[in-house]
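Chain nomenclature is as follows: A, B and C, assigned in order of appearance, with residue numbering initiated at 1 for each chain independently.
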Amino acid sequence: MTANVLLTIRNLRTHFFTEEGVVQALDGVDLEVYEKEIIGLVGETGSGKSVTALSVMRLIPQPGFIVDGEIIFKGKPLHLLSEEEMRKIRGKEITMIFQDPMNALNPVFTVGNQIAETIQLHNDVTYREAFNQSIELLRRLNIPKPERIVNSYPHELSGGMRQRIQIAIGLACQPALLIADEPTTALDATVEVQVLELIKRLRDEFNTSIMLITHDLGVIAEMCDRVVVMYAGNVVEKADVKTIFKHPLHPYTQALLGAIPYAERKKKSRLTTIPGTVPNLINPPSGCRFHPRCKHAMIVCKTLKPMLLEEEQGHFVSCFLYSKNKEFAEREHGVFEPLPGRIVY
Amino acid sequence: MVDDSYSKSYEDAENFTFTVDLPGLKSGIVERPRLQRFLDFLSRLKNPLTIIGIIIVAGLILSAVLAPFIAPYNPIAVDLNSKNLPPSLQHPFGTDGFGRDIFSRILYGAQISLFVGIVSVLGAVAVGVPLGILSAYKSGYIDTVIMRIMDIMLAFPSIILAIAIAMVIGAGIHAVTIAILVVSIPVYARIARGSALAVIQETYIEAARAIGASGLRIIFRHILPNILAPLLVEMTLDIGSAVLSLAGLSFLGLGAPPPYTYDWGRMISDNFSYQAVTRYWWQLTFPGLAIVFCVLGWNLLGDGLRDAMDPKLRLKLSKEAKKLIKDLKKKQRGLEKSNAKKPVRVVN
Amino acid sequence: MKGLYAYIIRRLILLIPVVLGVMLLTFILMHSIPGNPVAYLGGSGKLPPDAVEKLIKIYGLDQPLFIQFFLYLANVFQGNLGTSISVNPGANITDLILTAFPHTVELTIYSSIIMVLVGIPAGVISAKKRNSLTDNVTRVGALIGVSMPVFWLGIMLQIVFGVAIPIFPLLWAGIHEPAVKATGIYLIDGFLSLDFRTIVDSIMHYALPSIALGALSLSIVTRMVRSSMLEVLGEDYIRTARAKGCSENATIYRHALRNSLLPATTVIGLQIGGLLGGAVLTETVFAIPGVGRLITDAILKYDYPLVMAGVLFIAIIYIIANLVVDVLYAYLDPRIRY
């Protein structure tokens, strides 16, 4: 891909320091977002998709902290910025919209007021101008009767409309990156399609990169250019969308794809489930975090953590089944087929 | 291929699952055995304020029980030779206008506060909770009538209603107790009704009904245990406010008649005069402090119980984590500073 | 706006059964008292027996109870609460209460100002700096505040700021009489007659009583605002506000404050009623001739009609205050459809 990198995340570790113990929500996440692309983050609940997004926004809730790693956005190290510098980026260059459109809008202000607020926060305009701009923005998003909508309160609007308003708030300052955290999970199927259409159109109209977080592989297939598969705080596979669906490498991705019901699926192939549950992240499994549920698990998987290495052109995978990691394990540790028993590191 | 010894240890680990789901780790679920949960509950009571509350309440009970043995003087014996004495070694809290030792009187006064507080709250629970459950269980016009009556009672500021009731029954400890009891009935009726309504809608109540459990059985087996926790918290807090109400009523002259003149509120009321305010401050200060400590103790205990029972407040940071966070913040601040000096690093 | 008026009218109609119930309750309480006021006077030997019988007829005390209740209702609606027996024998109770009421109102106004102007900011700051020293001090202070008897705090304030460090007058008496006496409330009358001395006097003389009376409500409001603020700060729209680039202050004061004040409004309304109840005690300590003091006097002198009239009066004020709060709540929260 020749496009420029917009956002790079390197070895990001975000931990939550709770009374029960340290929750290692992110354990070295590596990914990059290119300009004008839609990148999908997919994984089960608790895999760290939302934490990754919130880490980029630097909005991790209280007991959580970025303990290690780098987040570079347009050359700026976000993880090092002061709160004030970060504030200027939020809403202007990177915005985020959330899953639940019911609670994501402030119930006591009209939606016009809330869109205008974002415009005013980052531009030197009067409230009137900002308010008129928000009507314009809604019109650009093909929202019917924007003059009436802006004067409504969130509770007077439907779920789909509230989600569109959230998108409008997100786009008010024409950001370079829009992070959408499960934007359609709470919506009806028909409304979901409309909202997704809208998001897709935005990339072309506003030249915005979109990071789409979802656990719905159908949405990913429909929307994304590239996919990042996450499991228990790690990126396990990363490739463009066609490769992932046609030729998944990581056993987790394979299992995940096996778990979606396909209409055109061959009759004989069964719908499979992934045995076990998402691991407890206070005491995560050693080595590869997926190994307790993996049907190809080897002894090395319990002792060593595979790295995210490029197996094919643009196709990264973190698994000892593939040559690069195999070579790496042999070269660096000299242990690919270790004797039975625990190897302490 | 898979080594069995390893998978076993993971089974153990999976006995409690921790799901992190933002925002705010709200749905972080920790499943644990019952005994463990009870121990957790006790350990959550271990915050310093709650412990102070427990100590105060324990002290209160001790002083009420042991007053006849530990009080240095008779609380009602008049000694005109030693009246209006300031605090000293003989009389730690001084003496009043009749030469009675204020310290001894305060120790005895704990009996009255404890009696009125506990009896009025238990009474209010005994009347209010059945009313509330009945109201929720029967619904229809019984519900309407009961809740309207409660609304009317709540339409009075509680002290005013208590005054009116105490006045009707006539002054005395029992009158005051009943007045406070009656005033707090609506609170319990509402709590019981609200919790019972929530429980009744649960499927398992319908299941119980379907297998033919009687109404009383459903109430005792299923509804009562479920409203116990909010009830206990409210009761603890209410003992404190009952003591405050008692003090107010006593101050107005509706409280304990002689010989129970060592009631704390009555002591303030009896001693309250221009002279006392200008010269004998201890006669007014110490009985009041006794009331403050007593009420504070019950409030601290009640707050502690509520926090310990409220799963939302569980995500408190451990000491270790606090230290870690402090270090991290320091590190980050250091990085921010050095970052401010250096030109921004450009990647790509 | 039209909806709002309809809502107010609907609420007023709903009040009728509650007010009737309150009156029935006071009526029952009054009649549960052994003996009756006329017998009380007769028993004291002030009246000959035939006069007592005549009075019983006049007051309808020989009628069945429910007829007596309707007579009582009719009287109350005509503004006739009966006559005082022993506090001010023969005086019209309505007049007594209306003369005393402005002083109670003035005291309540000052206390409400303290409650709102200190309680809300204290709660907000405490929540904003959660678990800091400021927060802990505020929390413990508020906890002590809810544990203190109102009258005792009044006495302590007298001892400390009236006797030990004599800044404020010990008792209420001695406010300079203003030229204009339109309301009976010194502060307002002082402004109306541009009498600076009355204004200062009013503030000085009401300082200690209103602090004593306001402390409890202040603590309750602080606790309430703190906890509702903390709850609101965990809401999704707060995260949205941060994601927009709002500063911490904008997030708290623009997005969280108004939402967290909604539940606090109810508590503040209830507390204004609670202040009226507490006034009974505070007015006694500071010798303020308000409604509370009137009721206390009536209790001490067994003036039953006056006690019940006072109770009824305060209950109705309380009900009205709650109605005002509910309307205000509906006005502040766009989600409530009236």
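Following the convention adopted for this analysis, contacts are C-beta pairs under 8 Å (C-beta built on N, C-alpha and C of every residue); 3 or more make two chains touch, one makes a residue touch a chain.
None of the values given here were measured: they were computed from a predicted structure.
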Which two chains share the largest set of C-beta contact pairs: B-C
Centre-most chain, if every chain is reduced to its averaged C-alpha atoms: B
Rounded Å distance between subunit A and subunit C, as computed from the means of their C-alpha atoms: 55
Between subunit B and subunit A, distance of the C-alpha-averaged centres to the nearest whole Å: 46
Rounded Å distance between subunit B and subunit C, as computed from the means of their C-alpha atoms: 25
Overlap residues in subunit C, where contacts from two or more other chains coincide: 236, 239
Residues of subunit B touching at least two other chains: 23-24
Parts of subunit C lying in touch with subunit A, wherever the complex brings them together: 235-237, 239-248, 250, 254-255, 258-259, 262, 332-335
Subunit A to subunit C touching residues, read off their complex: 57, 59, 83-84, 87-92, 95-96, 98, 100, 103-108, 117-118, 121-122, 153, 155, 166, 169
Contact footprint of subunit B on subunit C as seen in their complex: 17-18, 21-22, 25-26, 29, 32-33, 140, 143-144, 146-152, 155-156, 158-159, 162-163, 170, 234, 236, 239, 273-274, 276-278, 280-281, 284-285, 295-296, 299-300, 304, 307-308, 311, 314-315, 318-319
Residues of subunit B touching subunit C in the complex: 23-24, 26, 49, 148-149, 151-153, 155-161, 163-165, 167-168, 240, 244, 247-248, 251-254, 265, 268, 272, 277-278, 281, 284-285, 288, 291-292, 295-296, 299-300, 303
